[in-house]
Structures are given as C-alpha cells and as structure tokens.
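In order of appearance the chains are A, B, C and D, and numbering begins at 1 in each one.
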Amino acid sequence: MNRLSASTSICHYTATDIFVREKNLCKDLIGSTSLTDFLYFLIMGVSPTDAQRAIVEASLITIAEHGLTPSVIAARLTYMGAPESLQGAVAAGLLGVGDQFVGTIEQVAPLLVEIADSPSSSEVAARAIVTRYRAAHKLVPGFGQPHHKPDDPRSPALFAVGDQHQVNGKYVAALRSLGAAVDEAMGRHLTINAPAAMASLFLEIGIPLRIMRGFVLIGRCIGLVGHLAEEQSSPAGRVLWDAAAHAIEFVG
Amino acid sequence: MNRLSASTSICHYTATDIFVREKNLCKDLIGSTSLTDFLYFLIMGVSPTDAQRAIVEASLITIAEHGLTPSVIAARLTYMGAPESLQGAVAAGLLGVGDQFVGTIEQVAPLLVEIADSPSSSEVAARAIVTRYRAAHKLVPGFGQPHHKPDDPRSPALFAVGDQHQVNGKYVAALRSLGAAVDEAMGRHLTINAPAAMASLFLEIGIPLRIMRGFVLIGRCIGLVGHLAEEQSSPAGRVLWDAAAHAIEFVG
Amino acid sequence: MNRLSASTSICHYTATDIFVREKNLCKDLIGSTSLTDFLYFLIMGVSPTDAQRAIVEASLITIAEHGLTPSVIAARLTYMGAPESLQGAVAAGLLGVGDQFVGTIEQVAPLLVEIADSPSSSEVAARAIVTRYRAAHKLVPGFGQPHHKPDDPRSPALFAVGDQHQVNGKYVAALRSLGAAVDEAMGRHLTINAPAAMASLFLEIGIPLRIMRGFVLIGRCIGLVGHLAEEQSSPAGRVLWDAAAHAIEFVG
Amino acid sequence: MNRLSASTSICHYTATDIFVREKNLCKDLIGSTSLTDFLYFLIMGVSPTDAQRAIVEASLITIAEHGLTPSVIAARLTYMGAPESLQGAVAAGLLGVGDQFVGTIEQVAPLLVEIADSPSSSEVAARAIVTRYRAAHKLVPGFGQPHHKPDDPRSPALFAVGDQHQVNGKYVAALRSLGAAVDEAMGRHLTINAPAAMASLFLEIGIPLRIMRGFVLIGRCIGLVGHLAEEQSSPAGRVLWDAAAHAIEFVG
C-alpha cells in the first residue's frame, strides 16, 4: 500500500489561538457572527450572501419541528430507557432522518436539475418526468402532504423568503412546472411540499445535493433537543410506549 | 505530553492467518466452537466452563426479547424513516438499553456483594439494606415486575439453569435474603425480577460489573434484528407512530 | 386516512408466561436451546437445520472480529468521550457497519443468483458479469482483500463448514465460477473474500438478502463488546486519537 | 395500571397551520426570526433577551469546532463504512459528546452554585471546594486545557461577550474565585477552560443544568456536518484508520 496522506482545512490551533478556516475563532467569530453565518461558513467554506443566509435560516427553522414525528418518539423513548445519555436520545432521533424522512429533498433536486437543464421548455420537460414516473407506477416525489391540505403552509412561506431575496430562479420555476404537470396528470391539486420547496431553494443558492441532508440534520437536532427538554420536565415516554405497544396485535 | 502507548490482546493478523487472542480464527474457531463459547472467550479472555457457558447462554436468551419494548419501538420507527440503514435502526434500539432498562442489574449487583461480604448474617445485612432504602424513600432495585405477577417467570427459569450447574452460591443466596427482607418490609410478595436474577448469576460466574451491560447489549441486538426482520416483511411503524402521536395531547 | 392495523408474531406475554413465537420462553427455551438456535428461530421464524445452524454460527464467528477496524476505533473513541454509556459506544461502532463494510455481501449475492438462474452455463454467465463490470470500469465485488494474500483464510474455512454439511450447491458453485472469470480477466489470482463466501453460503441456506446485514450486525456487536471490555481494563482511546489527529495535515 | 396521560406544548398543527408553542411557524417565524432566537424559544419556551441570545450564540459557536476531536474522528470513520447514512455518521459523532467531553460543564455548574449560595465569602467557599477535592485526590473540574497555554483563548472571548451584555454576575465571579483558589493551591496558573466559562454564563442566563448538554449537542452537530462535508470532498477516513490502527501494539 502506498503511503496515504490527507488534509483538513476546517480547523487548527496553536497554544494561544484557534482558527476556523482562515478566521480566528476567538477574535473574529465569537461575539461577532450569527449562528447561521457561522454554520454556513464552517460547512461551505465561505461566508453566506444575504440571500444564502436567509434561505438557510428559514429552511432550518422550517425543518426543525413538526410535532410528534417518528424521530421525536424514538428520541423520547430512548431517553426514558437511558436518561444518563442525552446524546444517545438525540442520536436515536437523528438516525430516523433518512431516505424516507428527507429523501424527498434528495429525490426532487435531480428532477429540478433535469428540467432546468433541459433543451426543451420546462413544461415539456416536467411532463416527460411525470409520464416516466407514471409508466413506472411511481409517484413523483415532492407533492402531497398527508397532514396539510390543500397546501403545505411551509412551502409558500419558504418561497416568500426566496422572493424577498430574489432567490426565485430556474429551479423554483422548474418546481412550479413540475407541480403543474403533476396536477394536470392527477386531475386534482397536490401541494408542493416543504421538502420539495427546500430542494429548489437549496439548488438556487448552490448547496451541493450530497450535503443537503446535513443541513436538515442540524435543524432536526434543534427540534430534538426541544422535545427532550420537555421530556425532562414533563415525561411522555411511558404514554408513548403504552399507546404504541397496545396498537399492535399479536398473531401467533 | 509524554509519548503515549497502548496495546491490544484481542486480535491480530498476518497475510495468511487471523488470531483471536491466542487462537487461530480459521483453524481453531470457525467450525469448531459455539457462538456462546466464542463470545465468552472474546470478551473474557478465557474459554467458559460448562457452568459459565450455561449461565451466559440462558441470560442472553432471557434478555433478547420482551415484545414491543420502548427500545423495539424506537428501532422500528427509525427503520421506517431510514430503511437504507438497518444498522441505524439497531443502533437506535440499543441506545435505549441504558440506566433504566438494564440499570437494575448494575444496581442490584453491588447490594448482593454487600450482603455476601457482610460479617453479619445475610438476613441482617439484607434487612439493613431495606431499611436504608426505605429511609431514603427509595425502592430496593430488583423486585417487582409490572407485567408479571405473582412472579417473573424468567427468574426461576434462570435459577434452574444455575442449580443444574451448581451456580447457586452466596450471591444467589444473598438475593433470596434480600427478597425475603423486601417482602417482610412491604408486607406482601414482590417478585425477584429477571435483571436481579441475572445480576446474581453473573456475579456467581465472575463477570465484572462494568461489562454486564455488554452482555445485555448482545442479547438485545439479537432481539432487535428479529423485530426489524419482521418490520421488513410486515411493517408496523406507521401504526406505532399513529398510536403514539395521538396519545399525547397538545396543551398550549 | 383509513384506520391502520398491524400485527406482530415475535413475542407476547401474560402475567405468568412469555411466548417467543409459539414457544414458551421460560419452559422451552431458557436452558434448553443454544444461542445460535435461539437467534435463528427468533429472526427466521423456524428452528435451523444442522446445516443452517452450522453456517450461521461459523459466519457470525467469522465476522465478529478483525482487529482495529474503523468501526472498533469509532466505538473506543466514543467510549472515551462518554464512559457513562456503553450502549452509545456499541451503537457508534455498529453505525459504521454499512454499505462499505458489509456491502460486499449485498452486492455479491444478486450476482450469484444471476449466475445460478442463468440459462447459460455458469462459466458463460460469470464471464458476462465480469465483462459488464469492466465495461462500466468497476471492480466485481467480492474479490481481493487488502490484508490477506494470496487468499483470505476465512473463505476456505467457511467453505469447509459448508462441505461438512453439504452446503455447497449452486450458489457456492456460482461464486467459484465468478472467481475463475475474475482471475481470467485480471490475468492473476484474486481471493474470494470472506463477505463473498458468506453471501454464497447465506444464499444456500435460504437467508433473505435484506436481513443478511442483520446477522452481520449481531456478529459485530459481539466483537465491539469484546473491544470495549478491553478498553475498560486497558484504555487505548487516547493513543488512537493522538495518532489519528496527527496523521492529518492542516492546509489553510 | 392507571390510565396514563401526557401532554406536549411544543408543536401542533391543523390542515392549514403549524404552531410552535403559541407562534405560527409559517406566519411568525419563518423569515422573521434568527436561528438562535428560534432554538432558544423552542427549547426554553420563551424568546431570549439580548443577553441570552448573545451568550447562547457565542457558546454554540465556541463549542462547534476544535479540529480532529475523538468525536469527529468517529464520525469520519463511520461515514467511510456507511456512506449511505450521513445521519449515522453525525449520530456516531454525537454519541461521544458525553461525561468526559462535556462533563466539565455539568460538574462545574454545581460548584459555582455552591459558591454563589454560600453564606461565606466566595473566597472562603472556593477554598473549601479546592480543599475537598484535594482531600479526595481529585482535580477540580474546569481548569487546565491540554492544548492551550497559558490560557484557553475561548474563555476570555466568552467573558467579553458576557461583559458586553452585563452577564457577569455571581456565577462568573464564583468561577473567578474558584480559579484563584485553584491557582493558589497548585502554586501555578491553570486556565479557566471553555466548558467552565460556558457553565458560568449558562447559569447567569438561567439555563437549567440538565439541558446544558442539549445546547452543546446542537453546536457539535454543526461542527460534525462541517467535517463530514469535508470528508465528502476530501476523504481522510482511510488515513485516520491506518494511523490509529498502527499506533496500537498487539500483545499476545
């Protein structure tokens, strides 16, 4: 095996200073920057524009909380069994933030790139995608929301933030075209859901597909800490357990 | 800082052989040893006696499964959100195997050591412990089981394995004394529960307190894989979620 | 939403008995069955044949331990940071048992099914697969092992267990054909590695592809508990940290 | 068992609206609030004052990043083994954020409360604590930092944020007294480390001890996503593995 080597550009330190990328943590960042600016800089390697900051901040707030999700229930039950380890309960909750939970973002984004890059009009490209999914007997990802009708209220809120900062280019347009094609094919209106809206806005501001899930995890981490703080003062774990266990019938 | 050094005795390998401690994995272990013998040897560093094997095997089987525990529910909900990662669902389930779930074993064991080491009779030592807990308004750990009355059926099954192999010495006697003192103080019978029985038998065969939890984790890992195999073929996640979420009232 | 329902067949209990599938845990299993028989029964729903038991037992022992793997290092570092949570350290180790670590099993198995089901001879089918992978500039999974040359010693050990129990049918043959086609195309010998051997044997005994990873997780859980027991008595975490951190250069 | 009940006050939703506590997520929060304000409101139940916002923001930024920590190494190694699950890698990293990693905060805070609440002067109370620890042959938590000398640069940076917002009351004073008593007893200067500084400031702004770890987890989650983004574009996992594994000697 050849001698391997690797490097990092994120952080290094001396006896007296800590550097996060090219900035001095204690002189340039602590007390001088917002949390959103900091996390964007840390992850992306550059400071955000106003538009990038606004989209990331709005997206993390959007994704942080949606009540007693499976991920929150898992975290609360874990905390009940292992109260010595708050980190274990947060970790258990994050482990459910996977292909089903945030997959929509990752599945929608390539479709929007496909439409935006298509030599055809976006209407034609969108209809082609819908036809392809229907031929495969699959639903186009990003549309419909079981709890919110007729529209997921988070999507227009996110788009409004985008409009305020001129983040409403070809990927948002592609999503609207895709939504129109879906509605046309279904013969009824399906909402653009929040993950789809986030996918379009993340593409607009240049966040790579592969790290979109990372931003979602930060948002969800905040929500999980909130729920676990409540679990500490007002435990619900036993009720969650009891109700869940009794809902499943044993069949020998 | 001085130059640090550290060593391992568990495993090393050459181009042609793999050694687990002093045994050759491919020549001495694969095909020649049972899983229980192997895990005991790996963790404890020596091969088990017949009695040690029997107790560990019975204990892992005992702890593997108890229906829809909080840990199982967390694992199934996690798998629903992240089906790409079976390991994430198993990990989420294990994260709930903590102080509340297995703490009884770890809390009971020192009490049994205290009784066994006491210069007084075990009856006197046991009563002193019960008195101490009552003065602190705490329950003596290891007694009572919410689902099983009058007795946790696992405890006599474990003790029977112990009796068969003459694993019924001072720690089992200490547990029986403690149980008698608890019943006397409560004025009614509380069962010796399975974790307490396991604690006494693990002490008898010389398993250190600090790694008892490790054996429990192996048993639970087996149970979790069983539940996730069922979740694959017969998903219950959505029902668990729905029932749990609806059991909690929002109070603004 | 329609009323959902779901069922489980794994475990239920009454005040006096616990049933694992149709067996009484305390009367039929504790003290009467081996750990391997128990886990097979729990996961697969039926008791193993002698051949199934032998293959599962040998495979779990094979996969449990391979020294300081990334997964073991992650577990030891996690334990150093959070010694209150042995379960967290085991969970961290299992989280690395994913597509790269066990993916070979899951990638090889479908190729063996393809060869075994092919109307052509297995030689022809194997060569077609190799050609397809080479055209895609990808390596055929299951061959080569960075630490073991000329052969991974675990594979012949596993096949020997198979031979002893007449578990050496079409999937093992398919793997040998695939190996011959790989060697032929490469112009040199690449070993059938242990995950590939396990894939062929798991197929032979009827373990579904989707739960193969579950068996691997149980084996790895055993290995992780062994390493964490050693970490308790002879800590290596600080040395692992120091060596790893110093191996990475900061590039501003 | 009596019928159990439980409630939540964090989030509920209707077909058209989502409420986080008493605020409408889509109308009052998305696009109108900062991430720090949001997370404080979510966890603590009230909006932060300027001082509370500044302390939390500075603390999360302080704790997010310190180079190749054990937690970061665990996350990168996990990602190497399971690249399909970014959430698994983040979870593995968070699992190491436990008693050793953040324990200082949780151990120092009660000492500061003890000093602040003492009827004696803070000098006397601080000296009594130092004497108690020395009698028990234990180090007073919160002082010294292996990588930073003579002072941890993060502590004055955090205190400066506190001073700017008049967050420099009795708990900060208690920490300074404790530091003076430590220096006096040691006969040399030990720095107030960053976790100790955070403990004093968190107490000043009224964050309960039990949820301090939750804030740390959010900060660390940000840092882990940053490192995993780098691992995606510039993998270091194999080098970390190689260096760590080779640093440990096998002793048979």
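Rule of thumb we're sticking to: a residue touches a chain if its C-beta (ideal position, glycine included) is under 8 Å from a C-beta of that chain, and two chains touch if they have at least 3 such contacts.
Everything numeric in this text was worked out from a predicted model, so none of it was measured.
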| item | value |
| --- | --- |
| Farthest chain relative to chain C (centres taken as mean CA coordinates) | D |
| More contacts between chains, A-C or B-C | B-C |
| Distance from the mean Cα position of chain D to that of chain C, given in whole angstrom | 38 |
| Whole-Å gap separating chain B and chain C, where each centre is the average of the chain's CA atoms | 24 |
| Mean-CA-position distance for chain C and chain A (Å) | 32 |
| Residues of chain C touching at least two other chains | 5-9, 11-12, 67-68, 82, 84-85, 87-88, 91-92, 95-98, 236, 239-240, 242, 247-248 |
| Interfacial residue positions of chain C with respect to chain A in the complex | 1, 5-9, 11-12, 19, 21-22, 82, 84-85, 87-88, 91, 95, 146, 247-252 |
| Chain A contact footprint on chain B (complex, rising order) | 67-71, 73-75, 77-78, 80-85, 88-89, 91-92, 95-101, 236-237, 239-248, 250 |
| Touch list for chain A against partner chain D, complex | 4-13, 15-18, 20, 25-27, 29-31, 33-36, 38-39, 42-44, 54, 57-58, 60-62, 64-68, 85-88, 90-92, 94-98, 147-149, 151, 153-154, 156-158, 160-161, 164, 210-211, 213-215, 217-218, 221-223, 225-230, 232, 234-236, 238-240, 242 |
